[in-house]
Structure formats: structure tokens, C-alpha cells
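Here chain A shows up in two complexes: once beside chain B, once beside chain C.
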Partner chain A sequence: MADVKHTLSLGFGASIVKKKVSLPATEARPWDATSELKVVGTEVPRIDGHLKVSGQAKYTFDVAVPDMLWAAVLRSPHPAARLDSIDTSEAAKQPGVRAVIEVAKRGERLLFAGQDVAAVAAKRPEQARDALAKIRVKYETQPYVVETMEATGERAPVVHQAPVKERRTEGDEPGAGGGGSLRGNVRPLPESARGNVTQGLAQSDVVHEGVYTTPVQTHSALETHGLLVRWDSRKSMTVWCSTQSIFSVRDEMAEVFGLEPRNVHVITEYLGGGFGAKFGASAPGSRLGFIAGQLAREAKAPVKLMCDRHEEHVCTGNRPDSHQTVTLGGRRGRLHAIEVKSYGTAGIGTGAGVGRNAIGIYTRCPNVRVRAHDVFTNGGPGTAMRAPGHPQGAFALELAIDELAAKMKADPLALRLAHDEHPVRRYQMQEGAKAFGWEEARERSAQGRERQARIRRGVGMAASIWGDFGRAKAARATASVMRDGTIEIKNGVQDIGGGIPTVLAQIGAEVFRRPLSTVVVRYGDSEYGSSVGSGGSQTTSSVTPAVRNACEQARGELTEVAAAQLKVAVKDVRWDDEGTAHGGGKSLTFAQVCKKIDGEAIVATATRPATYGHEPMAFPGGPMVQIAGVQMAEVEVDTWTGVVRVPRVLAVHDCGRVMNPLTLRSQVNGGVILGTSYALMEQRVLDNDLGRMLNPNLESYKILGARDTPKIEVLLTEVYAGNNNTGAVGIGEPSTIPTAAAIACALFDALGVPVRSLPLTPDRVLTALGKVPAPGSNKATLARRRIR
Partner chain B sequence: MNRFSIVRLPTLQATSARVAESSPGRVLRAGGIDLLDHMKEGLNAPDELVELHAVGGDEGRALRGIETEADGRLRVGALVTLGQLSGFEALPAAFTALTDAAGHAATPGIRNAATVGGNLLQRPRCWYYRHADLVCLKKGGDMCFAQTGDHRYHAILGGGPSYIVHPSSLGAPLTALDAEVEILQNDGTTRRMPIAKLFVGPTVDPMREHDLAPGEILLAVRLPPPPAGLRSAYTSAKEKQSQDWPLAEASVRLRSEGGTLRDVRVALGHVAPVPWRSPQAEAMLEGQAPSADLFERAAVAATEPARPLSGNAYKIPLVQGLLRQALHAAASVPLPQ
Partner chain C sequence: MSEHSKLTRRGLFRGVGTAALVSGCVKRTGTDEPGAAAVVSDTTAPAQIGPDPVPLRLTLNGQSQEVSVEPRTTLLQALRIDLDTTGPKVVCDRGSCSACLVLVDGLPRNSCMMLAHDVAGREVTTVEGLSQGEELSALQAAFVRHDALQCGFCTSGMLVSCAALLRRHPRGQALTAEAVQDAISGNLCRCGTYPHVVAAVLDAADQTARQAAGNAIDGKAGA
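Take a look at the complex of A and B:
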């Protein structure tokens, strides 16, 4: 079929432009600035909300099948060891035990405390755990290193003795990754640069340099990793899995057990959070898929394996830490050079980059160079976590910009505006400043610093950059119109919590102009057709256009049914807003038309083409929309105790056409809460001498609670990007990128001195204020110096 | 968690005897907060939980009651929950430090189950002690991992050979308020002693934090009647405002007489292996006219004996700040802005 040409009205606010696009005939005419939509863009409560709050929604953790066994995994207690011998015979004889497997091989080097060694399946979960204690393992312990900068040293024990294979998932930022060759424990990541940073710094009249650090953060989804495997025959299985990518689970299980992917049925009806760590059947640091499947095969019974909270912290992924040296040059009041050199550890894994703030946002700065390095340590592997690398990079760069601005006596907002070309982000900065009361607040904090007030307030801002990574042909959606008038939408996407089923129901209601209650959405099941993983903020922009195309096709067929009944040509049928068909002076209700459908239903399937537009600005390095965001935060700090509170955050974001303001705000709230938690308290603590995590729980691994949560205001700057037929763009990741950076900048504004390490805990605030006696003074006992 | 049975006996004597006569496998349960933590973390695997809540009659009422006794002392039963204590309106205003401390601990859900007795007798939160794989000094091992490890939450005062901080939030305010404890002994008699004697420091025995023998039961804490004008205050700082352990706490008691401070007591929490009374600060304050400057000097005096480890010296200015805030509140001297 020949392509069809459309003229679209695209852009944002008052800057709407006309653009011509040529699209496949199967592609519905894209919704643009002129489209008047009735359901899409309105506040529709989650269609499954009542099931979740009433406990009827069944998560993987809740699923039980007849004769099901429970698995438990024996994990290495040592940060580095060689497995000498293993004896499972005693464990196999324990009460209730039905299968025991060795997961690590004799002679294998185990590289972090928490690595898989063996596993048991038993009738009851406590029987499985008790049996683990009966497995006899001999380890030869080896030297190890867990602290990032220590691991870069020449004498540090080498973690990986061979080149490292990258484990990439749909959660990684497209285009990121890759790396140079390994030296010791250090592997350089691809450099990004423009201009000449050395020359730029030499030309600068003001130079600021600082070292900024961020901790390892764990995903800490409320539902831990886990799955239930049932072999349905020797060549097929059903898998219930807590995953953010059903089809990656299918593919992993098929590959591990030599099955045809079509014979692996994966179900994820509800998901208790993922944040980037739940791709595939296994966790980044534990072969959960193999273990559950193999135990089930050997025991000839279904096996359920759910991690406990300790395992969830140590072996299911994390956000790598960072140690960033940022050097900025100012010349004649302008930002003239940005240099970032960073080292971070993803434990034994890869991917400790620092995002794109430096290279991608302040594009009017002529000289930029970012050099990041993966540092290998004996810790559980990192993996994608909500905007991988970006919050780390944003924190260091944005706080450094504020420090440079202070030296240059410039307003940090004005300095940013002068170097950011993105029209939406510039608009967001300006509108955000008005809504937030930026100038008055900055004035107030200056007065507090001047008076040396006990309680200080400060405000800060930071920006985010992300791309619309919606994918072509990845999601295949089915839309059916039943003879009873029900519209059914099917796709094997999982709901990570963003509310995609509700949005898909809205698309169906919009296209057919039918009440939402007549639209049924079937999802969370590999039988419902291929789909994308919920990573890279791509779910809505990958799935909604496919669903819309399927709905439009089904509606086309339904129009043919109506035309035959009305005895008019198809082009002469007109549907009104109640879903009634008119033509030839006659009318048929939707129900009347549907009754005339041949067979059970009209069924149409469709996908979406590649992204075709990117108004008003492309993401660097790809033909995709650049998503803009700006956040402003206010802090209150008690200079006597160092306690920092965040009373409010303003989040100004673009996410293309807004599908549902309720679910959108909910995602932004989640991003801000995660970012505030990262700013104020989250940190994995590994003991340097023992190589083990000291806080593998939710008590001493602290996560923001209700009393710590700021008042969050969300301002949406809707953009008609012309990227796909619904105009949807993701928001999950952008909404958490700038939060911690804005809070750190606000703290600098309050105190007049920076705290360059996250989290911004009282010890660091008091240290920054010069109140903490140096070791050795106050007759301090001198234990050895440690890097925190 | 292991399997266990629950034993419910109607009298204190039977309850005490059941725990005293036995193997270490029998333990008393009140709120069960810390006990269940220990069992879930694999630190303790009792086979029998003896329910203190099962004690009935007058004994049971006394365990659960808050009442004024004949000698004018206020008796708070060991099974009174933190929630009940913080919400008990008939308590004299002089005891604000105690009710505030009870009301700021943990979460509303925990406060509705956690008891006064359990709060005083709970084990430390040290992350080395709580690590099931590690045998530290407190568990019969030969070293305190905190001394050279990550001790950001550990003791700056009175540490060594163990550097835990006492986890009770009621310990310091009860110390400041001159409370005594009432203990049922194994022979059926009771003994009373100042609360300071309940707490055992690590130089005496690093393996325990209190002075109760197996089978002995903490029955109540008793507070002396406050003289007219007595005031108290409690302050704490946390890294997280919802459900977190304090980094440090300060409790003070005092009254103003003719423009000077009298009966001053200062006790600090979460800075030492026991609730830490500060005679240095008390001496500096007693008989002086209250002022912001005096409070600042008293706070410095309170931390003069501090011997921080390499990574927790921040607790010195922190607890100084908290003590200043508590003194300002108790003496009604406005805080500087």
C-alpha cells in the first residue's frame, strides 16, 4: 500500500507549526494539536484500583498452585572465594525436601557475598531454609575489594580475571553502554565530548573543581524478585513471574531449558514494582529462573522461589555509586567548559555511567568532555535503575554549576537559561520560577545566611534530559468488537505500576466513542501478543499507538457492517459521540450494529511504525523526541542538628500528549519521592573489612516515609511531538532525574557551603558547617581512616 | 523463623518460674517487637514464648496500669504501651520528656504494641550485632566490629570494649526524671532501684545491657512526684522522620526558682552504651540563671568526656544542638531564630 501524506500541527504552547509526514496506510492519522479528544487526556481513575486496594489483585507473591513446593537458595557468605567442595546429600534427606541442586560449580570463583551456591525445594518454605543449613560447602576465601576508589588502586585485588561481558536489558538507555578494555578493575566507558575542554578551561577566568559522590542505591521494590514455574509437559511450562518484561522472561526460560519460546507461557497479572531490576526470569545477581525451573523439573512439581529482603538487597541489582570530579570553567559570565571524570562501581557488573546532563542539556557551553569508568568490586551487580546514570550525573553537574554561579555572582537559573537550547525546558525554567517564587525564595535564603540563622531555608533547581524510546513493531495489539458490544483490547504488556491498562482502555473508548465500562483490557500474559518491557520509559509510546491502530482497523470493519445495514457506502457512515451510526437518513445504535457482526467478533491486530517526528527538538544521537524536565526544591535545615527536610518540590515536565493526568501525576510523584529518598537517606552500606552489606533490610536501609515526603506540585507542559499516532511520550524516568540534584542545590543555597556527597545526612551537613571536630581532636580515638 | 509454642500462665509467680527454671529456649514475651526481630533475623530461636500478657487479676491490672501510689509516686506498669503512655492525659506536665519520647519512637503501629518494659530491656540495634553471620563481642566473640568498622550510629561516650548505643528512647528521660524500677525476683519478692542501676555498661559485661537475672521480671517504673514548677523536655534527631532510630537524644529536667535553675538533670540517649547522665552539664547549670549562652556552654560540657571513633564525631555537635534545644524548651528560653 502506498504511503499517505498528512499535515500535522505540532509543537507546544503558542509555538505550533505545521509539518508534513508520509505514513503507511495502516497508520492512523496521528492525533495532533488540532485533535479534540474526549477520553484520552482526561482524569480516569485506574480501572484496577479497587482490586489493588481491596487485596483482590493477585501478585506473583500471592499465586499458589496445587502441589507447589518452595525454594530457597544457599548464598556465598564470602565477598570472594573459590568453591572447593559441596555436599548436598544431608540436605536431601531433610523433612519435606524434594529436590536439591548445585548452582555453583566446584572450582568456580564466587565474586560477591550473596552469590548463588545451591538450592533446595521443599514442601514448606521453612523446611527449604532449614535444609540449606545442612549443605556442606568448603570455600577457599580470596582477597577482595568493595570500596570503589580503593579498587582503582594498582594493588587492589582484581575482581574479574577475564574481559567482562555486559549484561544489557531493556532498562538500559538506548545508545548507552559499550566500553574500552579492562585494566585492573577499571574499564573506561565511551567518552562524550565536544569542543576542546583543556583549552576551554585554560581560557576560563573562573574555574570551579569539586569531587562529588553518590552512594549505591538498591531498587527495593515492595514485591521482591521471584517466580513460580510449573512444567506442563516435557517441552512446555507456565511461569508466573514478578517481572517488568514478560517476553524477556519467556526468552530466558526458553533459552535456559532449550524450549520453543511459544511453549513458555508467562503471566504477570500484577507487579509490585521493578524500577529497572526486573528484566528476565533471573535477577542480575542470581539465576532465579534456572533455579526454579530446574528444581521443578527434578522434583516433578511446581516450584515457587521468592527472594527475601536480604537477598533483594544483595543480589537483585542496584544503582551504581559514583565518584565524580567536575571541573567547570566560566568565561566572561558564561559557562565555557565542563569536564566530568567519573568512577563508579556496579559491583561485579557493568554500567556505572553518569548520564547525559553534562553533554546533552547545556548545549551552548562550547567545550565539554565526560569520561566515565566502570570500577569492578566484590559487590552484587548493578543494573538499570530508573534513568540509569542520570541522577548521579545530574547531582554532580548541577551542584557544581551552582557553585560556579556563586563564584561568578550569577543567578543559577539565569546561568542555566543562557546555555540550554531546548525551547520546552527553557519555558519550564521560566514558568517554574514564577510558580515556585524563585526570586523571593533566593532572597530569603540570602537573608538567612547573612543572619547566620539557626534554621535556614534554601531553594535549588535542576534539569533532566531523556528520550522517547518508543519502539516500532515491538508491541502487537489486538482489538475486538464483540457481538454484545464489548470492546476487548489485548496485549501482553505488564503493568509496572504506571497504569497502562487504564490508558489502553481510554484509547479504546476514544476510538469507538464508547463508555469506558464497555472496554475490557487483557494484559499481563504472553498469550495476548508480543509487547515491550517496561523500561526506558517506552511502554505508553510503544503500546498505545499499536492499540489505536488495531482499534481504528476494527472500527473500519464495524463501519462496513453498519454501511451494509444502513444500505449506504462506507464513506457515508457517520458515527456520533454516543457511538451511534448514521447514514441514508437512518440510525443504528452501537448495539444494533454489533449484533450484525458475522461470527463472534471483529478482530484486528496492529503494530506501530518507527518514530516519525520529534518536535520541537531531537534527543542527541537519535531520531527521537527529547523529553524536557525541570524541578525546583526547597529545603529547611537545622544548623544545630544538621537535619534536612524538604518541604516542597515543583516538578515541571513534558511527556508529549498527556494520556491521563491522574496516572501521570502518580508517576511524577513516584519519581520525586524516589529522588528525595536518594537525596536524603538511601545508601547501601558495605563493610570494608567484611565485604558484606550491613543494612540488608528496610530498617537501616532507609527509604523515604510519609513524614519525609515533600508537598509535590506537578506542572505539565504538553507537547505535540508528532512522534507516533497518539503522541504519547514516557515520563517514568525523567521525573526522578533532577530531584536529588535540585535538593542538593537548595541545601547549598541554604548553607552557603556545598554538601558534595549524597545522601545529605546530618553528619555531612554538620561537617560542611565546620562543626565536627577532626579525628584526633577532642581526644578522639583514632581508628583507621575510612572513606564513607 | 523457627517453630515455637506459646505458653500462657495466669500468675506472675508461675510465669517467672516457667522462664527461670528452664533452658534458654524459654523467653518472656510482652510486646514481642524486638523478640520477633531476633527470631526473624535468626539471632534467637526460642522454643517457648511465655506470655506476660496472660497474667491476670490484680497482678495483670498493675502491669497494665498507670496510677499514683500512696507515697505519691507515679507507677507505670511494664506492659503499658508506648502509645498509651504518650497519650495518657492525666500525666503531670512535668513528665513531658517521657511522653514525648514515647510518642516519637518507631511508628504508631509499633507504639500500640511495644511496652515500657520491652523498650527498656530491648537489645541494641548495632548492625554487626544484628548480622546473623557475625559473632561479635555481644554474642560471645572476641571483638567489637564497630570499633574499626562502620560506626556512624555508635557510641561517642562510655564506649569500649563494646561501642553499641543503648536503643531505649525511654531510658534517658526516665533517668532525667529520677525514676526507679520495680523488679520481681525469683524468690517472689520485689526489689526497687534507681533506673541507672538497671543498665549494665560494657566494661561490666558486654553480653548484656540490663541487670535482670533469668526469670526476673521488670514490673514497673516509678516516678517521684514532681515539685511545683518542675519542667522537662525531650529532643531527638533522626535521618528519617518516619520510623527511624534516633542518631541522638537529649532529655532534661529542671525548675526555675527565683530566676535560677534548680534540680537540673541531663540525660542523653543513643550516644553511649547506657542512657548517659551528664554530671558536667548539670553542675554547670545548677543554680545559674538560664540563658542561651549558659545552655551552649552546658552542651559543650556534656560532651567534654566524648571519645568519638573515627567516623562518628558528628554526634558531638549533634547532641550539643539537641541538648541546647531541650534546655531552651524546658526553661522556656526562646530559641534563636
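Take a look at the complex of A and C:
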């Protein structure tokens, strides 16, 4: 079929332009700035809300099938050890135990405390855990290293003795990754640069350099990783899995057990959070899929394996830490050079890169160089976590820019505006500053510093960059019009909590002009057609255009049915807003037309083509929309106790065409709250003397609670990007990128001195104010000796 | 090898723990409450129950239930595994997140921190018990309206905390956002639903107050 030409009205705010696109005939005419939509873009409460508030929603953790056994995994207590021997015979005799397997092999090197050793399946979860105590294992402990910068040293124990295979998931940013050869524990990542940074710094009249550190953060989804495996025959299985990617679970189980993917049925009806760690049947640091499947095979019964909270912290992934040296050069009042050199550890895994913001946001800075390195340590592997690499990078660069601005006596907002070319982000900075009361607030904080007030306030801002990674042909959607007038939409996507089923129902209601209550969405099941993982903020932009195409095609067929009944040509049928068909002076209600459908239903299946537009600006390195975001935060700090509070955050974001402002605000709130938590309290603590995590729980691994939550105001700058037929782009990740950075900048504004390490804990604030000695300093060492 | 050298949790219960635990929970049940005919009836002798499953009776969401569980089984596990009531969630399993919150005789309790036998003869209400059949309570409906949930895994516990708040809040007194934040300060949420939860609870409280006021006016008119 020949392509069809469309002229679209694209852009944002007052800057709408006309663009011509040529699209396949199967692609619905894209919604643009002129489209008047009735259901899409309105506040629709989520369609499964009543099930979640009444306890009826069944998550993987809740699913039970007849004769189901419970599994538990024995994990290595040592950060580095060789497995000498293992004896599971006693465990096999314990009450309720039906199968025991060895997961690690004799002679294998175990690389972190928490690595799989053996596993048990028993009738009750308590019995399975009891039986683990009866497994006898002999380990030969080996030297280990858990501290990032220590691991870069020449004498540090080497974690990986062979080149490391990258583990990439749909949660990783497209284009990221790759790396040079391993030296000791250090693996350089691909360098990105423009101009000449060495020369740029030499030409600068003001140079600022600082070292910025961020901690390892764990995903801490409330539902732990886990799955239930039931073998349905020797060649087929059903898997209920707490996953954010049903199809990567299917493929992994098929590969591990030598099955055809079509014979692996995966179900994730409800999912208790993921945040990037739940791709695949296994966790990044534990072969959960293999363990559950193998135990089920040996026990000849379905097996459920759910991690406990300790396991969730140590072996299911984390956000790598970072140690970033940022050097900025200012020349004649302008930002002239940015250099970022970073080291970060993803434990035994890869992916500690940062710096996309440095190269991608302040594009009017002529000289930039980013050199990042993965550092291997004996810790559980990191993995993608909500905007991998970005919150770390934003924290270091944005705080450094504020420090440079202070040295240059420039306003940090003005300095950013002068170097950012993205029209939407510039608009967001300007509008945000007005809404937030930026100038007045900066004035107030200056007065607080002047007065040396005990309680001080400060404000800061930071920017985010993300891309529209919506994928072509990844999601295949089916739309059916039933004879009873019901519209059914099917796709195997899972709902991570963003509310995608509700948005799909809105698309159906919009296309057919029917009440939402007549649209049924079937999802969360591999039998419902291929789909994408909930990663890269790509779900809505990958799935909604496919659903719309399927709906439009089904509607086309329904129009033919109506035309035949009305005895007019198809082009002469007109549907009104009640879903009634008119033609030839006659009318048929939607129900009357549907009754005339041959067979049970009209069924149409469709996908979406590659992204075809990126108005007003592309993401660096690809012809896709660059998503803009700016956040401004206010902090209140007690300079006597060092306690930092965040009373308010303004989040200004672009996410293309807004599908549902209600669920969208939820997602943005979530991004800001996660970022505030990262800024103020979260940190994985690995004990140097034991090589184990000291806080693998939720009472000493702190996450933000209701009392700590800022007042969040969300401003949406709707953009008609012309990227796909619904105009959706993602928001899950962008909304958490700038928060911690903005808070750190606000703290700098309040104190006049920077705190360059996250989390911004009282001890660090007091150290920055010179009220207590810095850890590791001579004074601190002396003080510690006295205590001992 | 002596018995003590291979002391397990089960062994400990068998030797010393169970009697104390069980007598403790039986004493609290009283005898005149409905459903209090505890299966373990001898409250004075150190009853030797377990380690195998022992029956107990409780009132769950208004229904009398009998279930047989080991003395070491937590209320949370008994609800989820033995009573097919999976609204309360396992998240931390040690009382730090409130995802497993239930009402025991009307008071919010972390069900992971209680043994099932602790509630013998008592009334337990889970999130499933907050609605009347298919009809959501005003609070639950407000949660849906305000999108006070995302993944939904903390939602059961949030609702139980908030239902308890609305029950104990004095009638006729306006509820503040701070009071709601206090009430849910033990409920951890990773998706970031706190602001919408606060809005939902304030709305539900407001609605209930207006309804009560409306009823009072109606009542006067009728009298």
C-alpha cells in the first residue's frame, strides 16, 4: 500500500508549526495540536482501582495453585569464597521437604554475600527455610573488596578473573553500555566528548573542581522478586512472575529449560513495583527462574519462590554508586568547559556509567568530556533503576554548576538558560521560576546566610534529559468489537503501577466514541500478544499507538457493517459522539450495528511503525523526541542539628500528549518522592570488615515516609511531538532525575557551602559547616581513637 | 550430642516457649466474647501444643473461622496461606512497613508481628472486610477517585491505617493533612502515593461529615 501524506500541527505552547509526514496507510492519522479528544487527556480513575482497594487484586505473591510448594534459597554468607563441598542429604529428610537442589558447583568462586548456593522446596515456607539450616557447606574464604575507590587500587583483590559479560535489559537506556578492556577491577566505558576540554579549561578564567559521591540505592519494590512455576507437561509450563517484562520472562524460561517460547505461558496480572530490577525470570544476582523451575521439575509439583526482604536488598539489583570528579571552566561569564570523570560500582555487575546530562543538556558549552568507569567489587550486581545513571549524574553536574555560578557571581538559573538549547526546557525554566517564586526565594536565602540564621532556607533547580524510546513493532495489539457492543482490547503488557490498562481503555473509548464502561482491557498475559517491558519509559508510547491502530481498523470494518445496513457507501457513514451511525437519512445505534456483525466479533490486530518525528528537538544520538524536565526544590536546614527537610518541590515536565492527568500526577509524585528519598536518606551500607550489607531491611535502610514528603506541585508542558499516532512519550523516569540534584543545590543556597555527598545527612551538613571534623580527616581519626 | 546443642526455633517452642505464648493469648480472649470458645481451653496448665498444627478459632471479616496452624505461624501467614485472605501483604515481615496491617478488635496491628494463636477468639478485619460485599466504603472509593494507589502493594495497609484513623477521629472535628500523615507515617510506599492518600482521606472524611450533617437535618425535619 502506498504511503499517505499528512500535514500535522506540532510543537508546544504558542509555538505550533506545520510539518508534513508520509506514513504507511495502516497508520492512523496522528493526533496533533488540532485534535479535539474527549476521553484521552481527561482524568480517568484507574479501571482496576476497585480491585486494588478491596484486596481482590492477586499479585504473584498471592497466587496459589493446588499442591503448590514453597521454595527457599541458601545464600553465601561470604563476600568472596570458593565452594569446597556441599551436602544436602540431611535437608532432604526434613519435614515437608520435597526437593533440594545444588545451585552453585563445587570449586565455583562465589563473588558476593548473597549469591545462590542451594535451594529447597517444601510444603510450607517455614519448612523450606528450616531445611536450609540442614545443608552443610564448606567454603574457603578469599580476599574481597567492597569499597569502590579501594577496588580501583593496584593491590585490591581482583573480583573478575575473566572479561565480564554485560547484562542488559529493557530497563537500560538505549545506546548506553559497551566498554573497554578490564584492568584490575576497572573497566572504562565509552568516552563521549565534543570540542577540546583540556584546551577549554586552560582558556577559562574561573575553574571549579569538586568530587561528588552518591551511594548505592536499592530498588526496594514492595513486592519482592519471585515467581511460581507449574509444569503443564514435559515441554510446557505456566509461570506467574513478579516482573516488569512478561516476554523476557518467557524467553528466559524457554532458554533455561530448552522449551519453545510459545510453550511458556507467563502471567503478571498485578505487579507490586519494579523500578528497573524486574526484567527476566531471574533477579540480577539470583537465578530465581532456574531454581523455581528445577525444583518444580524435581518435586513434580508447582513451586513458588518469593524472596524475603533481606534477599531483595542483596541480590536483586541496585542503583550503582558514583565517585565523580567534575571540573568546570567559566570564561567571560559563560560555561566554557565541562569535564566529568567518574567511577562507580555495580558490584559484580556492569552499568555504573553517568554523564548523559553533561553532554546532552548544556549544549551551548563548547568543550565537554565524560569518562566513566565500572568498578567491580564483591557486592550484589547493580541493574537498571529508574533512569539509570541520570540522578547520579544530575546531582554532580548541577551542584557543580551552582558552585561555579557562585564563583562567577552569576544566577544559576540564568547560567543554565544561557547554555541549554532545548526550547521546551528553557520554557520550563522560565515558567517554573515564575510559578516557584525563584527570585524572591533566592533573595530570602541570601538574607538568611547573611544573618547566620539557625534555620535557613534555600532553593535550587536541576534539569533532566530523557528520550522517547517507544519502539516499533514491539507491541502487537488486538481490538475486538463484540456483537453485544463490548470493545475488547488485548495486549500482553504488564502494569507496573503506572496505570497502562486505564490508558488503553481510554484509547478504545476515544476511537469508538463509546463509554469507558463498555471497554474491556485484557493484559498481563503472554497469550494476549507481544508487548514491551516496562522500562525506558517506553510503555505508553509503544503500546497506545498499536492499540489505536487496531481500534481504528476494527472501527473501519464496523463502518462497513453499518454502511451495508444503511445501504450507503462506506464514505457516507458518519459516526456521532454517542457512537450512532448516520447515513442516507437513517440512523443505527452502536448496539444495532454490532448485532449485525458476522460471527462473534470484528477482530483487528495492529502494531506501530518506528518513531517518525521529534518536534521540537531530538535526543542526542537518535531521531527521537528529547523529553525535557526541570524541577525546583526548597529546603529548610537546621544549622545546629544538620537536619534537612524539603518543604516543597515544583516539577515541570514534558511527556508529549498527556493521556491521563490523574495517573500522570501520581507518576510524577512518585518520581519526586523517590528522588527526595535518595537525596535525604537512602544508602546501602556494606561492612568493610565482613563484606556484608548491614541494613538489609526497611527499618535501617530508610525510605521516605509520608511525614518527610514535600508538597509537590506538578506543571505539565504538553508537547505535540509528532512521534507516533497518539503523541505519547514517557514520564516514569524523567520525573525522578532532577529531584536529588535540585535539593542538593537548594542546600548549597541555604548554607553557602556545598554538601557533595548523598544522602544529605546531618553529619555531612555539620561537616560542611565546619562544626564536626570530616570522616577520614586527622581530627576525625583522633576522635575515633579516643572513643575506642 | 545434648538436646541443647542443636536447639532450633521449633525446639525452643517445644521446650519452653509455647506454654507461655499460648497461655498469654488464651488469657486475653476472655470467655464471654462471641467466638471465644478457644480450642485450647485449659488456661492454667502449661498447655503443650505444637509443634504440629493446632486449631484455633477467630472472627475474620465478620465470619467465624477455624484454622489449624503451628504455634509459630504468624497471623500474616495464617491469613494468607491458610485462610486465603491475601489483602494483607508480605513486604518486610518484621513490623517496619505496615503493608500487612489488619484491625484486631478494632485496633491496627502488624499481622507479621503477631502469632496466629494470639488472635484466638478475637475479631480480625483485613482490607477485604472494609467493603460491604461489592460496594466499596467511602474511604475506598475516595482512594480510587484520587488515584491514591499505583502498584497497589501498600494500599491494603494504607487503607487499614486510614480506616482506623477515621474511626478514632472525633466526630464534627475537621481532619487535617498532618493528622493523616501521622496516621500513615508507618506505611511505606515506594511508588509515591502519599500525597494522593492524604487527599483521599480528607475527601472521605469531609464526605462522611457532610452526610452526617445531612442526616441530622433530615432527622430534624422528620421529627
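The rule we apply is simple: the second predicted complex is superposed on the first by the 771 of 788 C-alpha atoms of A that agree within 3 Å, B and C clash if a C-alpha of one lies under 4 Å from a C-alpha of the other, contacts with A are read in each partner's own complex, and residues count from 1 in each chain.
The rule is short, and it goes like this: a residue touches a chain if its C-beta (ideal position, glycine included) is under 8 Å from a C-beta of that chain, and two chains touch if they have at least 3 such contacts.
None of the values given here were measured: they were computed from a predicted structure.
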item	value
Partner chain in contact with A:E126 - chain B first, chain C second, else both or neither	both
Which of chain B and chain C A:G55 touches, first, second, both or neither	second
Touching partner for A:G179 - first (chain B), second (chain C), both, neither	neither
Which of chain B and chain C A:G382 touches, first, second, both or neither	neither
Partner chain(s) touched by A:A706 [first = chain B, second = chain C, both, neither]	both
Residues of chain A at both interfaces, chain B in one complex, chain C in the other	126, 699, 705-707
Of all residues in chain B, those that touch chain A in their complex	1-3, 125, 127-128, 131, 133-134, 145, 147-152, 237-244, 247, 303, 306-314, 316-318, 320-322, 324-325, 335-337
Touching residues (chain side chain C, partner chain A) in the complex	8-10, 70, 72-73, 77, 80-81, 84-94, 96-97, 99, 126-128, 130-131, 136, 140, 143-145, 147, 149-156, 159, 180-182, 184-198
Chain A residues touching chain C - in the complex, by the definition given at the top	45-46, 49-50, 52-59, 61-62, 64, 124-126, 130, 133, 219-224, 270-273, 275, 306, 308-309, 496-499, 662-663, 665-667, 669-674, 697-699, 703, 705-707, 709, 711-712
Contact footprint of chain B on chain A as seen in their complex	77, 126, 451, 453-455, 638, 640-643, 645, 680-681, 685, 687-690, 692, 694-695, 699-700, 702, 704-708, 759, 761-763, 766-767, 771-775, 778-786, 788
